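These are the structures in question, set out in turn.
Two complexes, one shared chain (chain A), two partners (chain B, chain C).
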Partner chain A sequence: MAIENKGFWQKLMTIDRRIIFIFIFVAISVPMFLKIELKIPVSPEVESLYQTISKLPDGAKVLVSLDYDPGSEPELQPMAETFFTYCLQRKFKVIVIGLWPQGAIQAEHARIVAEEKVGRKFEYGVDYINLGYQAGNEMVIQGMGSSIPQTFSVDYFGTPTTSFPIMQGVTNFSNIDYVFNLSAGYPGTVEWVLFAVDRFNVILGAGNTAVQAPQVYPYLGKQLKGILGGMKGGAEFEILTGLKGRAVKYMVGQTFAHTIIVLFILIANIAYFATRGKEKGKTV
Partner chain B sequence: MSTLGVWVGAILTLGILSFLYKDNPFYKVAEAIFLGISAGYWFVSLFYQSLLPKLFDNLGLTKLFGASNTDGALQTLFVQGKFSGQLWYLVAGALGVMMLIRLFPKGGWISRWPLAFIVGTTSGLYFTRYLASNAYAQISATLKDFVVAGHPGFLGWTNLNNLVVLVGVVSGLTYFYFSKEHKGTVGATAKVGVYFLMVTFGASFGYTVMSRMSLLIGRLDFLYRIWLGLIK
Partner chain C sequence: MKREVPLIICATVGIVLIFQYFIPAEPFGTLNQVFSDWFQVIGAFAIWLGALNLIKVSGNNVYKKRKDWPYSLLIIISFFVMVIVGFFFSGGRRFQDQGTAFSALYDYVYSPLTSMMFALLAFYVGSASYRAFRARTKEATVLLLAAFFVMLGRVPLGDTLTSWLPNWLHMSNIANWIMNIPNTAGQRAIMIGIALGTVSTSLRLILGIERSYLGGE
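Now for the complex of A and B:
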């Protein structure tokens, strides 16, 4: 039954969803043009990841698995850029793989940004190698536990893997000091925990999309040495490494948008309770 | 990204976002282009990154047609007269073809064999891994000391966290225990479990919102920074 002469709260209950979209649009757009920076507290899980990599010796061999595609770029690409920049500064030897077909391409984009930030380049084959994508999901991880050169016989550009200095002495996970996984779903962090950490005792840190983060939180501690959960995790990581980038910048709009959403949830609940009795009276 | 690429990206982004106002032909076109290109991209990507190097190269079909210099299983068998481990890829290829027979209604049952193979191997592979990682390791991580040495008193943060984990796990499991009616102590514990579950779902929802906002931020950043050059 239609409600005539709607009151304020009743009007709110039937508000056009497009008005909410405009609020969100403004909340995200405006901060992009302002030079505002928020104070972002660092959570223990990000601190844990940072502490783990900061304890690695200079020149340590690090395996980075980029298991995402451009759809998750706003969340995961800033993490990849910061991690590569940190590796370049610490002179880590970086071995890149992708369990998703586009992962290797995302790595190349992140590498270019990192090199521009530091003003120095990775020497390909010596400091950095991109082994590309390998089909097989968790079976690839399992295969790497036996032999990395056999699992990835050629690199992203088709050159035999064993011909590169960085791969000398790399047989399997036992020759890798740390694994960093950026994941947007399957295959991703869960598979790395199941098939690399618990089977081959790999030390693993992960950066995840916010949607996936709650799924991997249970592994935090013994199985997973730190999580970067969504854009906020990325921003915290940028703060800890002192490499402020896109994630820190984006967090302003993120915060504004969340504030708007919380306000709308509150208003909607108040409106619901304020009109509940009247609705009942009219429909009974 | 080239100027043309940026403009195409921007127009298609606006096309998809226009759905927020209402369904319209501009959105439909952008959606159809997205789906078509995605399907095409995945087909080409999987062909060149999976089918070609894994199956055709290993069997030696690419060498047979002059597309590669490396010997495969066929060359090893018929030229060198040896059996190669690469011949196993013939089984994988056969299973793949059997899967495609699903497209013909009369032979649809044949696709059950490769499906059974996939389900069987995956079950076997995951059974031990899940048991070790998601059962034993999780139980071990849940069993924590009540009073942790080095932390002040029973009401220290670490001890309090451990208590919350204990209460959450026990009450959450009680909620999913249906062999006894949820009345009295069991009912009260199950109710506490419901609150823990609600907090979990709430946190998960909050993360999902953050993820969706991140995607919008990414698109708006593309429009303002890369397309319009309004921000640096």
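Now for the complex of A and C:
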């Protein structure tokens, strides 16, 4: 009996990874077809970001930097969609840039979703402009501190930036009311804090992947007015803005996946202590 | 001269960029803008260089039929397909516009493939967590507990399980505390260490002590 028990615990400690993969696959995919309403509490850092943007006057000039690629789309694209929808509702003037080459395309995707949600379009060049990607990483931010039209002389589609009404009166960060950065790594939020906030006193909020979020927490407060951390941050933002979308929906899958992983960790530890006790007994 | 000129450029740019941060007056503002422009131009050239290097390395792999050369061939084909489609098959529209062939390739090939690579992490993280998070030592136990609370605290289930406890013991509040206090303290320590290292390395570069970036010895 004792030998059988030991075998059982040993088996629990060495579950084949393919079995874990199947459990995670089911945990993530099945909830996509379920309609489950979850009560998602709002964290202080998301509340802070929402409070900051809600205090902006209608028609404020907002710069959005999309610094990610489709790999981080599940976490960051819902944030972009919700933010653009909110901007459209509040009639903010949105200036989009990308420190990652794919950022400009991701912005266009988010804009289309936002326009469908609101049922109204941004007037290009008046309410919205996509300045596209610019090589140079943090030096692009530094350049924008001196001159935005000089750093981005043409928009994403090749038209001179200064020919658009939205860019009239925009010289540098001093003419921008708020900067929102969506970041999946370098260059991203850390560079925006170091080069835009510390140097040019920009008001910055950020949305980050769950992996990157812990790295930007030290800036929260004076330098960073709120963080949307991972899928949960995005879902909380959707709840606060009243624009429930993909992040709230995906949180069900994330909940199941986290639960499965925690259960496997618990099983492994129970099995570990069970076998360790027996091993100790043997040696004594 | 091969070594002296880069050293002089590096020292000049480094010193000017440090001074312009502390002295917001001319000529430092103009110089900052000029050097920022140069950096962007060099960055744009680096993209070209990267693309050419990719073709060269992959082309060599295919030519010499090195291990896994078909993957290299796929890289070259994919590269040229994207470039040719973007330049010549946009149907008179701008290649960035929605509905063009380039946009379709981005939306239906590039985007799902990139997302898939990232999504695979979920499976590996699950498997790795199961194997790594075991309370073998005191340090491992701390890590295990932090992971346990953050993982459950970042999803609504955590609060549901602890709803009968006082508010400050709700799983989301514990997760927030871990993120805001121990995590921030640790991150700041790392950041200060990195900053000191960066300052030291930058000074060595500006003063010409560190010359490894020039190549050779």
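Criterion: the second predicted complex is superposed on the first by the 270 of 284 C-alpha atoms of A that agree within 3 Å, B and C clash if a C-alpha of one lies under 4 Å from a C-alpha of the other, contacts with A are read in each partner's own complex, and residues count from 1 in each chain.
Convention: contacts are C-beta pairs under 8 Å (C-beta built on N, C-alpha and C of every residue); 3 or more make two chains touch, one makes a residue touch a chain.
Keep in mind that this is a model prediction, so the values were computed, not measured.
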In the superposition on chain A, see if there is space for chain B and chain C together, and answer fit or clash.
-> clash
Does chain B (first) or chain C (second) touch A:Pro214, or do both, or does neither?
-> both
Who does A:Pro74 touch here: chain B (first), chain C (second), both, or neither?
-> both
Answer with first, second, both or neither: which of chain B and chain C does A:Tyr250 touch in the superposed model?
-> first
Of chain B and chain C, the partner touching more residues of chain A is C
Which of chain B and chain C A:Ile261 touches, first, second, both or neither | both
Contacts of A:Leu38 with chain B and chain C, given as first, second, both or neither | second
In the superposed arrangement, which partner chain does A:Asn269 touch: chain B (first), chain C (second), both, or neither?
-> second
Pick one for A:Ser29: touches chain B only (first), chain C only (second), both, or neither.
-> first
So, A:Lys55: does it touch chain B (first), chain C (second), both, or neither?
-> neither
Could you tell me if A:Gly230 is touching chain B, chain C, both of them or neither one (first, second, both, neither)?
-> both
Stretch of chain C hitting chain B after superposition, from 44-52, 62-70, 152-160 or 170-178, is 44-52
Is there a shared patch on chain A that both chain B and chain C touch, and which residues make it up?
-> 21, 24-25, 28, 71, 73-74, 135, 142, 199, 210, 213-214, 218, 229-230, 232, 254, 257-258, 261
In the complex of these two chains, what residues of chain C are touching chain A?
-> 21, 29, 32-33, 36-37, 39-40, 43-44, 46-47, 94, 96, 98, 103, 106, 110-112, 114-115, 117-119, 122-123, 125-127, 129-131, 133-136, 144, 147-148, 151-152, 154-157, 159-160, 170, 172, 176, 179-180, 183-184, 187-188, 191
Within their complex, state which residues of chain A touch chain C.
-> 15, 17, 20-21, 23-25, 28, 38-41, 43-44, 69-74, 104-105, 108, 112, 134-137, 139-140, 142-143, 146-147, 150-151, 156-158, 199, 210, 213-215, 217-218, 220, 229-230, 232, 251, 254-255, 257-262, 264-265, 267-269, 272-273
In the complex, chain B touches chain A at residues 20-21, 42, 45-46, 49-50, 54, 125-126, 129-130, 132-134, 137-138, 140-141, 200, 203-204, 207-211, 213-221, 224, 230-231
Which part of chain A faces chain B closely enough to touch in the complex?
-> 18, 21, 24-25, 28-29, 32-33, 71, 73-75, 101, 132-133, 135, 138, 142, 193-195, 197-199, 209-211, 213-214, 218-219, 221-223, 229-232, 246, 250, 253-254, 257-258, 261
